[in-house]
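Working notes, structure below.
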Amino acid sequence: MLDLAAIRADFPLLGERVGDSPLVYLDSAATSQKPQAVIDAEVSFLTRSNAAVHRGAHTLAAEATELFEDARTAVAGFVGAAPEQLVWTSGATAGLNLVAYAIGNATVGRGAPASRRFALHPGDELVVTESEHHANLIPWQELAARTGAVLRHIPVRDDGTIDTDAAASVISNRTRVVAFPHVSNVLGIVNPVAQLVALAREAGALTVLDACQSAPHLPLDLPALDVDLAVFSGHKMLGPYAIGGLYGRSEVLEALPPFLTGGSMITTVTLDEASYLPPPQRFEAGTQPVSQAIGLAAAVRYLADVDMAAVHAHERALEARMGEGLRSIPGIRLLGDAEGVERVGLWAFDVDGVHAHDVGQFLDSRGIAVRVGHHCAQPLHRRFGLTASVRASAALYNTADEVDVFLEAVSGVRAFFGAGS
Amino acid sequence: MSGLESLYQELILDHSKRRVGFGLADEEGRSATSHQHNPLCGDEITLRLRLDPDGETVRDVTWEGNGCSISQASASMMTELVEGMPRGEASALIDGFREALRSRGTIELDEDLYLDAAALSGVSKYVARVKCAMLAWVALEDDLARA
Amino acid sequence: MLDLAAIRADFPLLGERVGDSPLVYLDSAATSQKPQAVIDAEVSFLTRSNAAVHRGAHTLAAEATELFEDARTAVAGFVGAAPEQLVWTSGATAGLNLVAYAIGNATVGRGAPASRRFALHPGDELVVTESEHHANLIPWQELAARTGAVLRHIPVRDDGTIDTDAAASVISNRTRVVAFPHVSNVLGIVNPVAQLVALAREAGALTVLDACQSAPHLPLDLPALDVDLAVFSGHKMLGPYAIGGLYGRSEVLEALPPFLTGGSMITTVTLDEASYLPPPQRFEAGTQPVSQAIGLAAAVRYLADVDMAAVHAHERALEARMGEGLRSIPGIRLLGDAEGVERVGLWAFDVDGVHAHDVGQFLDSRGIAVRVGHHCAQPLHRRFGLTASVRASAALYNTADEVDVFLEAVSGVRAFFGAGS
Amino acid sequence: MSGLESLYQELILDHSKRRVGFGLADEEGRSATSHQHNPLCGDEITLRLRLDPDGETVRDVTWEGNGCSISQASASMMTELVEGMPRGEASALIDGFREALRSRGTIELDEDLYLDAAALSGVSKYVARVKCAMLAWVALEDDLARA
């Protein structure tokens, strides 16, 4: 059991009011709130230790470098990885683009001889799922368009689960990459990673996991999941904006050509060519998000102190309460209401006869912050016959009472807008 | 009147259901069609009209699309308002509407000029909803420019 | 005249000590220190207004979006630009990579028909200078390698000025891009932008300005400089890490294909393809550096309040004092000691008989933080027969007394290491 | 002794000028050559040695390169130290050296074992300089692995 009063006291923003109502923040899948410890870690760095890392010889720079590399160890450890398996990025979107562009670069012959294994050839296929966030879809569309590879997708069943039967036929020996979300940001279902990884491995394809919506919500051990690459975003897991992580199996990172180029990722540079450092530095061109890395380290330490298994259990309880409540309100249709699956604490739904925007506005007038729209997952919404939905998403700091306030409000929506009357 | 009720006035909820002009007329004989889309929320509208042979009077505005009640009501109110109106006057109303909607609650729409659509004044306090209310008016503006 | 006592009081870190000595921070060209106002702006956002921007309909999200877009207007205004001409990036390195990759994408047929003008063809040339920071060199090397274009360079004269005579012959009608620094981070000389832009225009080439070392130090009006594109980094101009700006002439940004792809930069997305928003959103995939944008806006407001002309005058006085002092110390060789040029407040130098690292260590023992090494400009160092140099770089918060402490220390270096004895 | 003087002891400054073994011997008859480079500062070293015909004794270490006084002194001291030493013993010394240098001042090098190189203990407090002191030792380790 979490000590919610103590936890909530750590998050200054949760005490805000919206008009006359206390804020009920149910938009953590978009971005989470930050505990004071994260803010303090950044401020303390900026006011006491700030200096360029990996480049200076002076005392301040040496201290800053140490804090920065300690942060890497902490964040890598949080996802079960070794420090040299963690590349800093500006977020999950940047991480997925990094992988797609690096493969593109290998395809045109860049990188060391070991990079050849990533090169795409005519007829090669890239596979995603129908439930993708645009961040794990468009970079692959563009890679396909640049290289002539074919983009295919694994369909989602009516209940929101990934159609693993179809996956077995979509993934073939032409497949070179299988990219998929650990948890979709619309459906909340924990996808069957092991099954998809097994299919990809058999096909000899690279696996890329979008762990944006799992990293903040459940114990994560990326090496144990046996994926080749994975991404997550700091701002969704109590950390700062503008930082994220790309995890890679060492063997994969070592062979991957660079993406962004510039300072601090090179060994020798002439006017004509450059040679590159090993990972993770090879992928970290230019000044890094230093204070943000330190802030993210504080975030994962906070999460680990609370204990991720407890966080997951708490959020599951909230999710169950929310799902049950929503099912009992007439005119509500839940997206991805599969039975017997593991979930994180989010539900997206449609209100019969009331547009998602209006639902959101109605809830906002009661202080309840949810997200409305396509949540950067247009294909998935289209698959369910919608252009928009309402999404309520919880984090460790939400309470059962907040869920009840939310359910109470939702139950008044259709009457207010005169739907179904 | 609470914030929510001033935003969603009876008149607005009513228009969002009545949807004057809903159902796109056949293209034949129409002067212009405009498709507008709000990428942030996926709302869209297709708005079609005819100008009198002299090219000066707005006739037979019809539309189709989906979106929130604000966007639907706004399209409905606007359709009712501009039927039979000289195009210059319609253009002036569009400009005034945009100005009021962007005013963050400081400019009220004149009921004598805007009829039912004056009820949309309250939207201007909700920055995120201004685009919803504007969608149909932008389509009309586009139609007038094309016609 | 700046009120230095007041300014210094705004920067908490400047009060730190290194061992027994007060810190003398002369490493601002690597990264600047941040005034309290910048830290406060970020903290206030995170503790009171934090929410996902451009995506939420709730009150908090609307507020956050407004603060975020106000920040864009402020930062764009600081460099003379309109808000829609400013793209947020994670820093200058990311901005330069954006441009190089977007051109690469145009070359393989991506983007709208208008993008074709950027496509590179066999025989096309890209031009940089010999004084480039690796961030404005390697992305062009890689673009050349990917597309078959040829990378050429404009040499630097012995006195550190760009050889404009040579430029006139290097830039030809085969030239498609001319990328150069406004101010080199090693030489400190303000380069003749107008002359280079005129040559590039005549050749029909795109101009890309690296404004990293000018934006923090002198009044900057990018449209008046008439460059097509320009980049700068927040952390070098009193702002947060992990944010920077890419300025573009509207016509150029509008025609440029996207680089990073994902959420918030699209209109319609299907499983097979996506259509893209106009600039600046087209180039801003995924969650943006929101609190950092707000912090950077606070930084440019701070700079504008102090007044950039006054900042420049102050730093010129420091630079002159430093240059004069260094010239009078036996065994010191200044890099880029051209006469009659405009400069910012930095000097890189070599100490005869003492390695740069040892000089840096010696200065550090007296609390003086300078940078030693190649400063991400290996080709330029090689051109001067060096592998490393010592660089002292000032910002608005440095004082003449600090320069004197620095000079006094430098004058003791060779004796300590027994050089020239 | 100030921090600076404990880092740059007489012995170190002296070795950085004497540079024992400086000047790379001809490749002929040598067992191995290693080139090491510190990308952060551009320092580099090329170190060459010969093993006795039995392959067990280090002979004729020579080197070339440039870098700070710490790196030059370290190469010089090491060269002096390992001349004629059984390879196993040299390897053990390299391991001990690395451990001490990474100890942040908690492990002192034993003067009886490391001779002049023991003066480099102080470098371990300066994290940014540890690589400078290690460069030659890494080259030696590499040579021994290749030889």
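Just so it is clear, A, B, C and D label the chains in written order, and each chain counts residues from 1 on its own.
Keep in mind that, in the parts below, a residue touches a chain if its C-beta (ideal position, glycine included) is under 8 Å from a C-beta of that chain, and two chains touch if they have at least 3 such contacts.
This one's a predicted model, so the numbers in the text were calculated from it and none came from an experiment.
*Asks:* Centre to centre, by mean C-alpha position, how many angstrom separate subunit A and subunit C?
*Replies:* About 30 Å separates the centre of subunit A from that of subunit C.
*Asks:* Would you mind pulling out the distance in Å between where the CA atoms of subunit B average out and where those of subunit D do?
*Replies:* Taking the mean C-alpha position of each chain, the two centres sit 80 Å apart.
*Asks:* If you average the CA atoms of subunit A and of subunit B, how many Å lie between those two points?
*Replies:* About 39 Å separates the centre of subunit A from that of subunit B.
*Asks:* Rounded to a whole Å, what is the gap between the Cα centroids of subunit A and subunit D?
*Replies:* 46
*Asks:* Residues of subunit A touching 2+ other chains?
*Replies:* In subunit A, residues 19, 55-57, 61, 266, 268, 357, 361, 372-373, 378 touch at least two other chains, as defined above.
*Asks:* Hey, what residues on subunit D touch two or more of the other chains?
*Replies:* In subunit D, 40-41, 126, 129 touch at least two other chains.
*Asks:* How would one label the connectivity among the chains shown: line, ring, star, complete, or other?
*Replies:* other
*Asks:* If you go through all the chains, which pairs of them touch?
*Replies:* Pairs of chains that touch one another: A-B, A-C, A-D, B-C, C-D.
*Asks:* Can you name the residues of subunit B that touch subunit C in the complex?
*Replies:* It is residues 37, 39-41, 126-129 of subunit B that touch subunit C.
*Asks:* Within the complex, which stretch of subunit C touches subunit B?
*Replies:* Listed in rising order, the residues of subunit C that touch subunit B are 54-57, 61-62, 65-66, 266-268, 277.
*Asks:* In the complex, go through subunit C and note every residue touching subunit D.
*Replies:* Interface residues on the subunit C side: 19, 354-358, 361-362, 365, 372-374, 378, 381, 387-388, 416-418.
*Asks:* Which subunit D residues qualify as touching subunit C in the complex?
*Replies:* Contacts found on subunit D: 2-4, 7-8, 13, 17, 40-43, 66-70, 126, 129, 132.
*Asks:* Applying the document's contact rule, which stretches of subunit A touch subunit C when the two form their complex?
*Replies:* 12-13, 16, 18-19, 23, 25, 27, 30-31, 33-34, 39, 42-43, 46-48, 50-52, 55-61, 90-94, 96-97, 101, 105, 108-110, 128, 130, 133-135, 137-139, 141-142, 145-146, 151, 153, 233, 235, 240-243, 258-264, 266, 268-274, 285-292, 357, 360-361, 363-364, 368-373, 376, 378-379, 382
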